[in-house]
Every structure is written in C-alpha cells, then in structure tokens.
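Once you scroll down, you'll see the structures, which are given as structure tokens.
Both complexes shown next keep subunit A, but they swap its partner, so subunit B is in the first and subunit C is in the second.
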Partner chain A sequence: MSVNLFTPQKSSTGRVIRKPRSLLKSLCAIPVSLVLATHIGLVSAADVNTTGLAVTDTEVTVGILHSLTGTMAISETGAQQAEKLAIKQINEMGGILGRQIKIVQEDGASDWPTFAEKSRKLLVQDKVAAVFGAWTSASRKAILPVFEKENGLLYYPTFYEGLEQSKNVIYTGQEATQQILDGLNWVAKEKKAKTFYLIGSDYIWPRTSMKIARKHIENVLGGKVVGEEYKPLGDTQFGSVINKIRLRKPDVIYAAVVGGSNVAWFKQLKAAGITSKKQTLLTISVTEDEVLGIGGENLEGFYSIMKYFQSQDNANNKAFVAAFKEMWGKDSVIGDVTQAAYLGPWLWKAAVEKAGSFDIDKVVAASEEGDIELTTAPEGYVKLDPNHHLWSKARVGQWMKNGQAKVVYESELIKPDPFPEGYQ
Partner chain B sequence: MGGYSYDELGAIFAMQGFSGISLFSVLLLMALGLAIIFGQMGVINMAHGEFMAVGAYTTYLLSSLTETYFPAFLPYYFLFSIAAAFVIAGVMGYLAEYILIRHLYSRPLDTLLATWGLSLIMQQSFRSLFGAREVSPTLPDWLLGAYPATDMIDIPINGLFVLALTGVVTLGVFYLMFKSSWGLQVRATTQNRAMSGAVGINTKKIDRYTFALGCGIAGIAGAAFTTIASTGPTTGSLYIVDTFMVVVFGGAASLFGTIASAFSIAQAQSILEFFISSSMAKVFTLFVLVLILMFKPEGLFASKVRR
Partner chain C sequence: MSFIYDKLLGGKSGALGLLVLSILILVVFPLALDGFRLNLIGKYLTYAFAAMSLVLLWGYGGTLSLGQGIFFGLGGYCMAMFLKLEASSPENTAIQSTPGIPDFMDWNQITELPWFWEPFSSFGFTIAAILIVPALFAYIIGVAMFKRRVGGVYFAIITQVIAVILTVLIVGQQGFTGGINGITDLRTLNGWDMTSDSAKYLFYYINCALLITVIVLSRFILTSKFGRLLLAIRDKEDRVRFSGYDVANFKIFIFCFAALVSAIGGAMFTLQVGFMSPSFVGIVPSIEMVIFAAVGGRMSLIGVVYGTLLINFGKTTFSESFPELWLFLMGGTFIAVVMFFPNGLAGLWEEYSTPLMKKIRAKIQPSVTAKPSSSSYETKESK
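Let's turn to the complex of A and B:
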C-alpha cells in the first residue's frame, strides 16, 4: 500500500500534467488510507479510482439497464435477473477489491432514446463503474455513442450480428459466425442437408445472419438456398409462407423469426402438418425463454443452435440453475442470453482485480490482454479475446415436449470473429 | 414450374385457397367487435387489441386451472374458455364505458386518446399480473395438428375451428342487430339519438351494452387466437393495425362492409404473399388500400354514422 503524492497524472489528451487539485486530494486521503491499510488491508478509493467514479472505501456502484416495461420486457427480464444473481454472489464472496457492489437500476422501457438518456444518467450523474445492459442491437447502437463519449463500460449479453467492436463494450454473447457456421456444418453433415429455406423477421439481425448463412451454404457447404423470406415484425399470419416452403421442399428450414411472430410461426407450422417427423428445422432465435410462449408441443423435435442450454450437464451449470431458481422462483427458465448476462459481472470482477483498479481505461486494458477466463461459467469455459468478444462453444439442442432441450452436438471452442472475411 | 406433378400443384393450390379463407376468418373475427363499436357508436377503441388479450389470458388461466384441478376435463375446457372470455371481456368493456368512455362522447378525438391510455394501462397490468414473458395455454389435442384431406393436402384444424367460430359469431351479431328488438334500438340510436331518446329508448344503456358487446366479441377473438398466435402483454398491439385497416376500408358503419373488406384484404394479402415477399405484399396491399380510400374516403360500404 503506497500513496504516491507526486505521481504525474495523464490527462485525457495524453499529455502529462500536474494537477494541484489531485495533489490536494491525495493529501486528504492519507489519514484514511493509512488507517484502512493498517487495520483492514484495503486499498483506498483514491488509488483504485482516479477518474471520479462512484467508488468509496466500502462500495462500488454499477448500473443495470434493461427494459422492464414495453415489448422487450419479455426478453430482458431473464438477463437482469441473472446479473443481479451474479452481483449478489460476488458480494457474498466479499465483493470486488474489498468493496460491496451496489446496483442502480434503470428501465430502458423498450424505447431506444430512453436507453440513451438513461445510460447518460448512469454515467454522468451516478458515475457507475460499469453498466450491464441493453438487449436489442437497436438499443446497443443507441447507447454506444454515449458510452464512447463519457468513457463508460458496457457488458452486452445478447447474441448479435457482429460487425462491431468498441473500446467501451464487452460482448458476452456470441457474434453471428460463432452461432451460425457450426450449426450449418452440423446439419449438413448429420442430416445430409443440401437445400435450405431461410426465413426471418424483417430487421437487421435476421438479415445479417441470413447473409452469413447463405454465403456459408453456397460457398463452403456446396448447398443451395431455395428460398429466402422476411416477415414484418409482429406479423402473425404464416399460411402463405408455409405453402411456399411446401412447394420448394427444402431439406432444412433455417429460421430467425422473433417475438410474437415466432409463436405464431411455430403454432401454424404444427397446424399445417409440418412436424419434426417430416421436416428438419434449425433455428437461431429460440431459447428456453421463447419456448414458454411457443409451447414445447409445437417445437418437439426441432433444433436450436445456441451456446448454452439450461439442461447442460456440468457442475457449474447445476449450481447456477439451483441458485437462479432459489432467487427467482422454481418455475424460472434460463435461456442463452440469461446465461450470457450472468457472465458479465464475473468478467468485470476478473478484469478489475487484474487491473487493481476500477478506472475504465485500466479495466479495458486488462480485458484486452486476452488472459481473462472463467472456469466457473455455466456454459463450461469462456475466455475473453482481445477483440472484446468471448471464445465459446456452439451447441445444438433438440427440443422436447417439456420445454427443455437435449444437447445433441457441441463444437470446439470457437474464436470470436466480429468482422468475418468473405461473409460481408 | 418444372419438376412438379399436377397433383402436387393442385394440392398446393387447394391449401393456398384455404389459407386465404382462413386469413379472412381471422381478420373478420378481429374486426367484428371494433366494427360494432366504431360503426354504431363512432368511438375509436384503441384498446380493442387489449380486450382481445383479456380473452387470451382468460384461456390461459382456465387452462392452468383445468390442468391443476381437473385434468380429465382438459379436452373440453377450451369451449368454456371462449364463453368465459366473452363474459369477462364484456364486463370489463361495460365498466370501461361507464367509467371512461361515456364522458367523452361529444369529443371523438379525446376518446381516441383515452382508449389509447386505457390500452397502455391494460398492457402494464397484464405485465404485472402475468409477468412480462409470453405464456402458452395448453391446448386440447383435438385442436392441434392438421386434418389430412388427401395424401398431399393438410388442412390446419385450428384454421377450421376459427372459421367455424367466425361463422357462428357473425351470424349471432347479425341476428342481434337485425332481428332482435335490442338491435332495433341500437340502430335507431345510431341514426338519430335525440329522436330515439324522445320515443323512450334508454340511449345511455344502449351505448353501454353495445360497447360491452364489442369488447366481448374481442374477447372471443382473443381466446380463439391462442390457437394460432401468441399470448403476451403486447399481443393486442399485433392485431390492432390490421383490425383498423379492415374496419376503415369496409366503411365505418356497415357490417356487410366489414365482411367484404376482410375478404378482399385477406385474399389480396394471401395471394400476393405467395408470389412476392411478405413485406412487399404488405406494402402493395396498403398502397392499393390508400389509393381506394383517397377516392372513396367513406370506405367500401358507406352509411350513416351518428354525428
């Protein structure tokens, strides 16, 4: 423990300057830090926090920013529950650098300008040391400029289309290639699939994902895309599309339909007599959360490709599922994004402890060294790549009537590649 | 169309024909309740979709109750849940009229705003009561799957069910409106409120029951749609645009117009969607609709609305 009074401070422009005020602050901190150092063995707030974040000698404040109201509340509920669970567990273990984590929660209300406004509030007014939040790509794009301007740190949990890498964001979900490529390889090999019908909701994530899928099918697998279709968001009528699919007779239906449409899509497939007995279907938009609304009987036998399924059989996951159910009720289900959200606080803890500081720049630098890993992740093992994304495995799950999936395939650890060459 | 036999093409043609009729019945069932309220009372009920969600959640509640307490009853509960959805949505509509709408009859734009507010309140109440996630009622087995008419033709059973239900509800509404003495009073009030009052019709009571009836039918629609679509806090907002499209295109005050409009929109949408992409099909349908409404602002079948 040392208090160096005369360390030159780097200004934001990189010039080395001496600020009389910070000298004064350091002087004031001496008695407190000396007391703490001798009696508790703590590092004083002035040392682990040189940029004015909300860090005291006993507490550090973080933000959680998800939609609790509006359309997206369906999806974002699980994510914020998992983040709270992780933070609770970290606090029970003694916190981070001896400090308990305090949460300030804000509601993004499924509205992108609100997300931006609330993230500004969290960064400027609450001065939080990290934010766990956002779900849709639209909300992430809305808050990204705020995080970059105010130099905040965001842990973003959703699997997404890639093509992004910001200094201020750690992506704990999979980017498109980590989810799509291995699933297609698997279905081409296992089901001898040659022809594919692509269907998704009409917005950026399905369209980018389908673009990558089509390139992979045509250039790598030597297969054929016999149809590509996008339904407007919220559309609930799939009769004509189902007949089109019937006409093209694809080996595999590859689906990325979301929200209320997703429920209608699977209910109407079943009603049209297209079940897993006759048709192979692989989707990238169904997790345990969605199954609640769709109903296991409508999905039975179809496949999802994700990095995590609640039914995964390992000690980490068993402990996680038990703890989640204890905190949020025994009927809770845990989907892919919920698990990815759970990783956020743990990755942050690892980076802060490695940096020995809460300063955003130091935490980011520590994160970029490529040696932050979690051996306790429910999905198994993850490692943070210098490109801010996680190394993870892709898994194919086959849905059962009870709403759980049986993992039928597991890939090797896949390196994240947010800007895949040849796929753009 | 190389590589297809005539049998196959015939089968696809038949199934496509059915999906058009099925879409027609869905649109009509959505729009009937709104047509009654909008047409007969001139109130634009923005919360119509949420009354449908009330029906859907009623079905969900009854399904969980049945599953827990009377599992043997599971194959039949769905019919009761439709009746229950009608009653519950109807009663809520009655209360909404009494508490909110009746104060605003002279201010049509304010009813728009007030019912929109009501829809937000209802959405958030669903979220608080049932959780933000979507739920799925356990449907009886006889409603699931397809009826194999021939080797190649599969007809969705839930589509048949909605079709039959729409038929029954439409006939019921026509009977009430045109054959019962209550319907006579409703029509009289629509045409001339002051005069109807003068001959002893309790117009306030008529308003309240008309509104309740419209909401009740929305409840039936919501219960029926649990078989084809989602049940969640924002389910209602998925339907509201299509519903308004049907009612406005049909001509505000005409039930015949509503039927004709639902039929033409459904056929256009379903045929176009088969040949071009879904988004473009929607764009094209809406474009033609706007064009027709520019020349015929009253809709397909115009008739008198209470001013």
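Let's turn to the complex of A and C:
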C-alpha cells in the first residue's frame, strides 16, 4: 500500500504536480524503493535513457494532450480521464522500470495549431518519454510532422480513416477496414441487405470510410449504393436527406455523422417516422458518449459497429468500468475511444519493459516485433501488429433506451490493414 | 535625410519606438529565448501583420473589417499550395492511387491536379500570387462596397460574412483544399528542410525584416497627404467628399493595402508553423486580430505589435500553467484592458510617458541654451 505515496498529487487546477516529499514520506519511500529495486532490477537513469528524455531514477514524465476547452472538449474528456486512470493504476503497481509516471497535461483547445504548438512544447521543453493524445484526424495531421521531426512517441486513441503509418505513432483505435468491412458483412448476412444509403459529415474520415464501404458493397457484397451524401460539420438540417431516403427506400442507412450533428440527425429521423421497426440503420460514429447527448430513446434499436461497448460482459471490463466510475463519478459513460485511450499507457508500459529502456527508438523497435499483447484489455484481448495498429475484434451493438448497447455480434480478431489493397 | 526621418520613421517618438522594437525582436528575443520559444514569437509576429493592417484600416481609415482572416488565410494558402506541391513529388507519394498529387486529393478520389493548382508549382508565381490574389480580392470587395457607400457596421458584417463563406467553401471543397484538416505536412522549400533549426532562425529574421519594412511603409502612407485625407475621411467623410475627393478610391486603396499586409503575415505563418488550415480564415481568428489591435492601441503601428505579443504570450503561458482555467484568465485580461486602458497599450504609454518626458525636459531645459532659430524652423516644417 505504501507505494501509493508515489502517486502524483493533483493540484486544485487539475494539473498534476509533484510536491516535495516530507521527511516522513521519504523515509517510508526508502524501503519501497529498495524492494522495487531488488524486484525489478532497477537500473540507473543513464542506462534506460540515452537520449536525454525526462527520466530520473524515480520518475518518468509523459504528456497528455487533449482538448480541455472548445468544441472537442466533450469528446476528449473521456479519453484523458481513461489515460489518467491507466497511469494511476500503473503507478500503484510500482510504475515502469521502477519509476513513477509523472504527467504534464496540455490543452489542445480544439485548435489544430495549438495542438502543434503544445506537442512541440511537450517534446522539446518537457522532453516527455511518450504522449497520449489527439482525437480528430485534423489534430493528428497537425502534430504528426512535429513528432517525426523531434522523434517523439504518440499513442493515438481514435478510430480513424487509416492511410497512415508513422514510426512515431501507435494507433490504439481501429483503422477504417477493421470497423467497416465486418459491419457490412454482418448487415448483409443478417438483414439480407442489398441497397445502402451512405451519409456522413463532410471531412476526411467519413469520406475515406465511405469510399471503402462503397467498394466493399459493390465489389464484394454485390449490393448497390443508392445514395451518398455529406453534410458540413455541425450541420443540423437533415430534412432533404431524409426525404431522399424515403424516396429511395434503402435496406440499410449507413451513417458516419459526427459530433453535435448526431443529435439533430437522429431526432429528425424519428420525427419523420423512420425508426428501427421499419428501417435498419448502422452507424460507425456513435458511441456511448454520443448517445448521452442524443438520448437512448431516439436511436433505440439502431446499430453501431465499434470494437468496444461499455456493456461488454467480461471480467476485465467489469474491473475497468468499476475503476473508471470510482475515479470519475458513477454517472460517467465509457465509449469506444475512451477504452482505446486506456490501452495507450499499458501498451507503452509493455513496450518499455520489453525494451528495458525509455529511448524512443528502442521502444518503437520493441513495439514492432509483433509480440506485445494485452490480455487485460477491457475489450478482451489486443495485440500490437508490426504496422503500429492493434489487432482487435469488431462488435455490433444494438442501442437500448437506457443509452447502453447490447452486443449482438462479435467478429474474430481482425488484422489491422491501414493501406487496404483494392479499397483505395 | 529629413524625409527619411519624418516620413518613414515618424519623427522622434516613432523612430525611437521602432528602434526599441527592432532591438527587442532582432537582438533580445533571439539571445534570451531558445529555438522553441523563438519560433512561437515568430508565429505571434505573423499575427502582428494582420493587427497592423487594422491600424491602417480601422484606426486611421475608420473602417472596421471583421474579415482580415480572409486575407491572412489567402496568403497562407497560396504559400501552402506551393509547399504542398513540392512535398507531393511522385517519389514521396508512391503509395497513392495517383502518385504526384497532394495526399488529400488522392483520399478524395481526385485523379489529376486541378487547373488552379498547376501554377503554384512555380515559386515566382507563388510569391506574386501571395501579393496579388488577396489585394485583388480586396479590390473587388472594396469596389462593390465603397463605391455604393456601404460602410460602418454594414461593412463589418459583410466582411465577416465573407470570412464565413470562405471557410465553408474551403471545408466543403476538401478535395481541392484539404478541407478542415487544412494543408499539412509541409517540409521543404525548394528542396531545403524547412523544419531544421537554422531554417527556423532564418524565417524568424525574414519575418522581422518584413515586419519592420511594413511599419516603415505604413508610416510613409500615414504621414503623406493620403494619410491626412484618411484621417479626414474617418472624422467627417461628407466634408471630404464635398471638397471634391472621391472618398471610395481612398478607402479601396487602404483596404487593398491592408489585405496585402495581412497576406504577407499569412504566408510567413505557413512557413514558420508548417501548415495552413481554415481555422485561420473564419470569424474567430478575424475577431482575435481586432482584439490584438485594440489591446495594442489601434492608432499605433508599433503598439499593436506589443499588443499581439502580449495577448499571445498570455494565451500560451496561461494555457500551459492552468489548462482548465486559462480561458477565464484571458477573458479577464480583455475586460481589464477595455475598461481601464481604452486606447490600448500605446495609449497607456502616451499617458504615462509624456508627462514624465516633460518633467525630464523641464529639468534639462535651464541648462540647455535656447535655439530660437531652429525651433521656429521646426514649427514651420510641421505645418
């Protein structure tokens, strides 16, 4: 229990700072360090850190970079909470290579240049050993050149469009094919779907996802796309799309509407009488977080394809949900990305311990050997592929009135394929 | 000599201010700050171009534009298009379905380079475009507005609407513009690594040199007859019109010049930050630019540089130290400035430095022998 003494103190501003240890605490800490040292074979900072990162004999500094303000704050809050939970748990277990993890948190402010500025600050000034952060593709694209230039290490949690594989990024969310293909196969088989109507928000992720979906529908499933439409981010007028959907009568509405637009989209669908009784709808952009805003009654019976749902029934997930609620309040909901963000610090821990070093190049090399796996992941089991993405399962959840999803389908483990042949 | 001193540097106080600013940005900052912080200062100074354009347009011209982001963005996008084409060589983009075009075009199923991208493979054309495209756009808006005597609040609203339209257009046409992600991943300029430390220093100095040039040029405009007419238009537009001047032409000119100054800032921004996105075009950045000008003092070319630096420095520091509180601190700062120093930093300086100077001069005066001849010459000159 005394290991808790090492846990970073949280100041009133929410920033984690390290207070000077009192004499008593230091005295308590000595035997603990000795125990840790003998157990893990503690080596001095110079040996595990040859590139000048912020690593001391007792501490290692990491960065968390999410939007705490601005439009993305609602979505990114869960991710940074999960990352802090994972780091707290790792610290309670004795840290990494005998070192406690200290967090430097920065606010990306939903603004891409701010993300770039803050990531440069984390890497150049704070010399953090890893950064957990970013959410939108736009913010990732903005910070990617910084990570490549300064040779940092980013754990990126969001499901995204693929078409990227950087040496300096570990993608803990699913790339497009892991989410899309199995969902389409499932709906084609279970619902005998032949015609699809594609609708998404107008930016890179929905467009790329729909490109892959269309190719899969037309070339593999032998189905037909009867409409494809994009609405500007934040748009709340779906009347014309709903009229077209009524006219074309697709078997499946396939949706990738993101953020606040979702609330208007599902409410207007319901108002127009398009409910799950008559219409199958499969979305790739709705998690528990969004349902909180949309209201469970407005999308009851519709389907989401994700890799994780809060309702998943396994021991790992039960422990995770309980710990999350204990730390962040019993009303918190946990969506797909929150869970993926939780994996970041654990994957980093596994890679660092395997490499026996915090050096970015060694950690990346250890990550690329294909044998890093997490058996304790809330989603079940994940494995890190040499291409920096995770092997994970796709799951279809059917939404219920209470805002939770019932898992109705689970795939095999899917190999990540960020550059899918035949889908570009 | 007196032409340079009075017209370009703005007399004693202007020359002194410029000297202090030059020493600060050219000597003190590079010596005192590390590469990372200096790069941040460089980024802030690009906003100072936009703030300075508002001094000309709003402080002296009396026409408030809530759309300087348009021109900042146009300049930035022109530069980004050139850099993106360079980054999208067929070798670099071999994994795409169509190699040789920017990556976001490939993601949007575009198979050949759009016609308006073609000329941006030339550096000379790009530089010309950075200067001409925003000025031309401003000219079109200016003719449409000022010739019809649209001004004041209506002009402010219309410029704001244009900023929104341009943002929607850029976001909506993502195959051609990169959409909401913007144009990212710019690495080299004519084959030379833009992200290296030496490049960052070079860009910083070019940026400072351009900034000082623009100050001198603007000062020249403001001290000329044109500048006095501009003030007259601001204070009593009808009288100037009745005196036989075509007011619209003066306004159009200053609007175009302001657009050009903002565009230079935008282009330097792209070079130093390494990407351009629609978040510098819309309402929020445009209004931020007005705030920089207001805090610095909208009648002072040099004051707004300090205003821009102060606000952005505050933004960075507050957000680093208090990630969850910083927006409130920023808001508090704005309210304080507007309530207590309505003329901005420059006004504050005037208020406190002028009496102080007088005191000092009064002390020195008795010891200095009066030179009646030269002082009468000076008064004649100033008339």
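Keep this in mind: the second predicted complex is superposed on the first by the 383 of 424 C-alpha atoms of A that agree within 3 Å, B and C clash if a C-alpha of one lies under 4 Å from a C-alpha of the other, contacts with A are read in each partner's own complex, and residues count from 1 in each chain.
In the analysis below, a contact is a pair of C-beta atoms (placed from the backbone, for glycine too) under 8 Å apart; a residue touches a chain by one contact, two chains touch by 3 or more.
Please read these numbers as outputs of a predicted model, since none were measured by experiment.
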Fit or clash between subunit C and subunit B when superposed on subunit A: fit
Which of subunit B and subunit C A:Thr69 touches, first, second, both or neither: both
Touched partner set for A:Asp202, first subunit B, second subunit C, both or neither: both
Subunit B versus subunit C as contact partner of A:Gly293, first or second or both or neither: first
Subunit B versus subunit C as contact partner of A:Ile170, first or second or both or neither: neither
First, second, both or neither for A:Val364, with subunit B first and subunit C second: neither
Contacts of A:Pro232 with subunit B and subunit C, given as first, second, both or neither: both
Contacts of A:Val263 with subunit B and subunit C, given as first, second, both or neither: first
Subunit B versus subunit C as contact partner of A:Ala351, first or second or both or neither: neither
Subunit C versus subunit B - closest C-alpha approach in the superposed model, Å: 6
Subunit A positions touched by subunit B in one structure and by subunit C in the second: 68-69, 202, 232
Touching residues on subunit B, where the partner in the complex is subunit A: 4, 12, 15-16, 18-20, 22-23, 26, 124, 127, 131-136, 138-139, 144-146, 148, 154, 156-159, 225, 227-235, 237-239, 269-271, 273-274, 277-279, 282
List of subunit A residues in touch with subunit B within their complex: 68-71, 73-74, 76-77, 202, 229-232, 234-237, 239-244, 246-247, 259-260, 262-264, 267-268, 270-273, 275, 289-290, 292-295, 297
Subunit A-facing residues of subunit C, complex: 34-36, 39-40, 43, 95-97, 103-104, 106-109, 168, 171-172, 174, 179-182, 184-187, 195, 273-275, 277, 279-280, 316, 319-327
Contact set on subunit A toward subunit C in their complex: 13-15, 68-69, 105-107, 109, 111-114, 116-118, 120-121, 124-125, 137-138, 141-142, 144-145, 149, 161, 163, 202-204, 207-208, 211, 232-233, 419, 424
